[in-house]
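Reviewing the structure listed below.
Chain nomenclature is as follows: A, B and C, assigned in order of appearance, with residue numbering initiated at 1 for each chain independently.
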Amino acid sequence: MIRTLALGAAALAAAPAFAQSSVSITGIADAAARQVSNTGLGSIKSLVSGSNSTSRLVFRGTEDLGGGLTASFHLEHGIALDTGLPTGGFWDRRSTVSVAHRNAGELRLGRDFVPSYTGWSRFDPFSYVGVAGSNNLVSATPNGPIRSAFGSNPNTTVRASNAVQYLLPSGLAGVEGGVLVAASEGGTAANGQHKTIGARIGWAGAGAVVSLATTTTENNLTSTGKFKDTAVGASYAFEFLRLSAAWRRFEQAGSEQTNTLLAFSVPLGVHEIKGSFVRAAFGGSVGATALDANGVDQVGLGYVYNLSKRSALYASYARLANDGAVASTIPGGPAGMAAGGTSTGFEAGIRHSF
Amino acid sequence: MIRTLALGAAALAAAPAFAQSSVSITGIADAAARQVSNTGLGSIKSLVSGSNSTSRLVFRGTEDLGGGLTASFHLEHGIALDTGLPTGGFWDRRSTVSVAHRNAGELRLGRDFVPSYTGWSRFDPFSYVGVAGSNNLVSATPNGPIRSAFGSNPNTTVRASNAVQYLLPSGLAGVEGGVLVAASEGGTAANGQHKTIGARIGWAGAGAVVSLATTTTENNLTSTGKFKDTAVGASYAFEFLRLSAAWRRFEQAGSEQTNTLLAFSVPLGVHEIKGSFVRAAFGGSVGATALDANGVDQVGLGYVYNLSKRSALYASYARLANDGAVASTIPGGPAGMAAGGTSTGFEAGIRHSF
Amino acid sequence: MIRTLALGAAALAAAPAFAQSSVSITGIADAAARQVSNTGLGSIKSLVSGSNSTSRLVFRGTEDLGGGLTASFHLEHGIALDTGLPTGGFWDRRSTVSVAHRNAGELRLGRDFVPSYTGWSRFDPFSYVGVAGSNNLVSATPNGPIRSAFGSNPNTTVRASNAVQYLLPSGLAGVEGGVLVAASEGGTAANGQHKTIGARIGWAGAGAVVSLATTTTENNLTSTGKFKDTAVGASYAFEFLRLSAAWRRFEQAGSEQTNTLLAFSVPLGVHEIKGSFVRAAFGGSVGATALDANGVDQVGLGYVYNLSKRSALYASYARLANDGAVASTIPGGPAGMAAGGTSTGFEAGIRHSF
């Protein structure tokens, strides 16, 4: 009953007829045991999914149309490996169709990352996930620009639906980037419908990466001002060390949140050691509530043992400390965190790419 | 991390053992930018999925059992490429298992198209989707036989769950068709459970196609009479022009809706130009409400530029005009259409088959 | 538009580079027509999914890391082929990532079967599904240990989320088994979060199989005592006959349910005849309600005609009789069964493995 997916004899014989066909199926299965402690609340043990890299299943393919022109698709599905449940909207990690030209760039339609996310996450050595991921400092709590602009509805800090993108071709001496426009479709934030405009420009070469991105969102909750999301980052790979720094500011009406990341990564053969410091600082006010005293610091340390290019064992530790009225936590701990409390997390897991 | 799905060396060496195995994975990624205007309400821009052909992912395979006998399966999933969400019930585009004989035909179990849908949709050059699709004139509004028989619940104008089908074999000199019986399972329309019986007979050859189909449905809402759905259609391919005409009548108790389609399609090398006129006319009454004055007209024009057999760019325009108390619209426009109003839509997109 | 998934020319040429890559896509499409009659209530006809073997789609793969070490993943999705709907939580049949060593065994993280289920189901010739499956006697009705411990929420009689498992390697002279620990994550039974600990030990060889397993679960509903699930089974394959017997006891606080199975299976070339008798006996009490008079008996008979190793036609019959206050039924019949009534079911279907 167990059988490798295989081409039948007829298909093999006919292979030339399919020379342009391809569906690539890849993905990641990643799970870890985690323990998170919150100030005064004890700790909770859990099994979690995707702490080194989000568990996913990807279908994609590219057709060579000749003359440098290609058509392609990309469908990406997130999986909670701990429970077997899909995450979010099934293909909401990415669902796009594209036409591209080698020299002219790519026209891409569908749901995808916003420019500011791309311009931030590549500098996070924890890939925006796990106990030490910088995602822990991007949420609708505490109150600030993100909650003002989106409430607890789906926001555009990571992805946008209904998007039309133009992306620069490769081969521009390391220059990369693109623009994104997403339609609000006359809809509401509650339905994930936001009018979004963004752009990113970067350069990668000689061990260095620099990136500048901005994304602006309007919806039925932003009558007091658009939501602006700006991300700047850079990294440099020394001989045995990669250093990165990134800065991201969320603004809406009179409130702002500024996230700063400093990180390193040291590859030593099959070993990798990495660490990051992320700070979220709030400013301005929402209504009559001043935000200046609010902030979050997170320190993360990680170790990865690469069993192969595709598989790894890993362990990470993080400590998240709140200032002011903030009660952020590393996910997975006891509920009821008090303002100004501290959350610490440790996890060890397996990541397998297929 | 990006890797083509590939047979390992072991699998290749063992290929003869798998000579009868095959899972075919195909699909369509289709997205378009659309603008729809409704009388007195302005217009809305949106990104939409599947305007040339419904975005989908298909798993299927056939096993040759020898002696002309085969076993096969077909799982078909619809995707809203604009948002990354599944459409409907995930595999509800088709989920079937079959045993078939070359000369005796096919026994197919599971969810599939009803005969009347098959007998109509093949004559619509817009494939029942997009701004100009004839699906815009098959809905539970206005009140009429469809709403009487199904309310706003899942109906059988396209597919039926819990179906047993017998389908004629190919090789009958162009004659094709089959019968379908679906069980209501003692359930309710709200759960998509309908007792359905239908049949289709057609002939295709020498550039001509003719088809006659009928489908009858009973459920807990049809105590005043069964829902009848009859479709007749024909097409003929002249040297540079394919003409088609189709007629479909929905009846329930004292009400009826009659849809008529006239369409053409002109392939010119990599170009295709196509157009359709569809009219829905209502008659009889629902309760004390006479329907005779109600109707909808839709004119559609489309252009397809085929980049290859698999990929295309396309643009479509349609104008839908209501008569009487009807307030149908092309999907994607502003809400609040007044009875008798007009909806116009334009879209341009990319379709990639994989 | 219909195309076999194929390796492009480039991929074929590059095959050696992918020698360690593999994604295996397999599954089962199984549907049957069923009729179930309940005492005094008449009968209902239905189309059902997975009566010989659960309809499913499986993605999995193993990477050889060298030195006897492997990494692997397994994602398994259940499908209701009759309606095209996913069953349960999409990948909730299994979602795991593993690292294993040929001699040291396997560490597996994610959602999977609990030891007691594995130790029972392999002795049921109806594979725990269909009109004659022993699953008909494992449910939250009548009241007893299962309902006491889980209410009508997801329970651990089949699978557990958030599990860490160690499994013995093969090559231990037929000895097999493992241990499982699942975290409750500070959650609730309503969210499927249960603290579960279990183990299984078995032996297979010379036509015989024996197995002993136990699983213990705690959650927010088991304050009066843990839920214990113990399964013992054995089978022996004579020349033309396989006999099996199994015993499973569920206990919680003062209540217990004991299921006993006696079964046979006779393979005769492409034919297989099989039968089972299953009895559920209740004891103790829930609150003030004594359970001793409650019980269920089920007799099942099945015939399978194997069209090939992968495809089969089958038919099954079962009769389920209740004692005392129990009103269990074979699924698919009329609602409203009276206590002590009898349910009979027949089904005939197609199973195709791919």
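In this section, a residue touches a chain if its C-beta (ideal position, glycine included) is under 8 Å from a C-beta of that chain, and two chains touch if they have at least 3 such contacts.
Predicted model only: the values in this text are computed from it and were never measured.
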Proportion of interface numbers common to chain A and chain C (over half same, under half different)
different
Rotating chain A onto its identical copy chain B by a Cα superposition takes an angle, to the nearest 5 degrees, of 120
Between chain A and chain C, what is the gap in Å from one C-alpha centre to the other?
37
In chain B, what residues contact two or more other chains?
3-5, 7-8, 11, 20-23, 25-26, 310
Sites on chain A touched by chain B in the complex:
3-9, 11-12, 20-26, 59, 61, 63, 65, 69, 71-73, 75, 89-99, 107, 109-111, 161-164, 182-183, 185-186, 192, 353
Considering only the defined contacts, which chain B positions touch chain A in the complex?
1-5, 7-8, 11, 14-16, 18-23, 25-27, 29-33, 44-47, 49, 55, 57, 79-86, 307-308, 310-311, 313, 332, 334-335, 349-352, 354
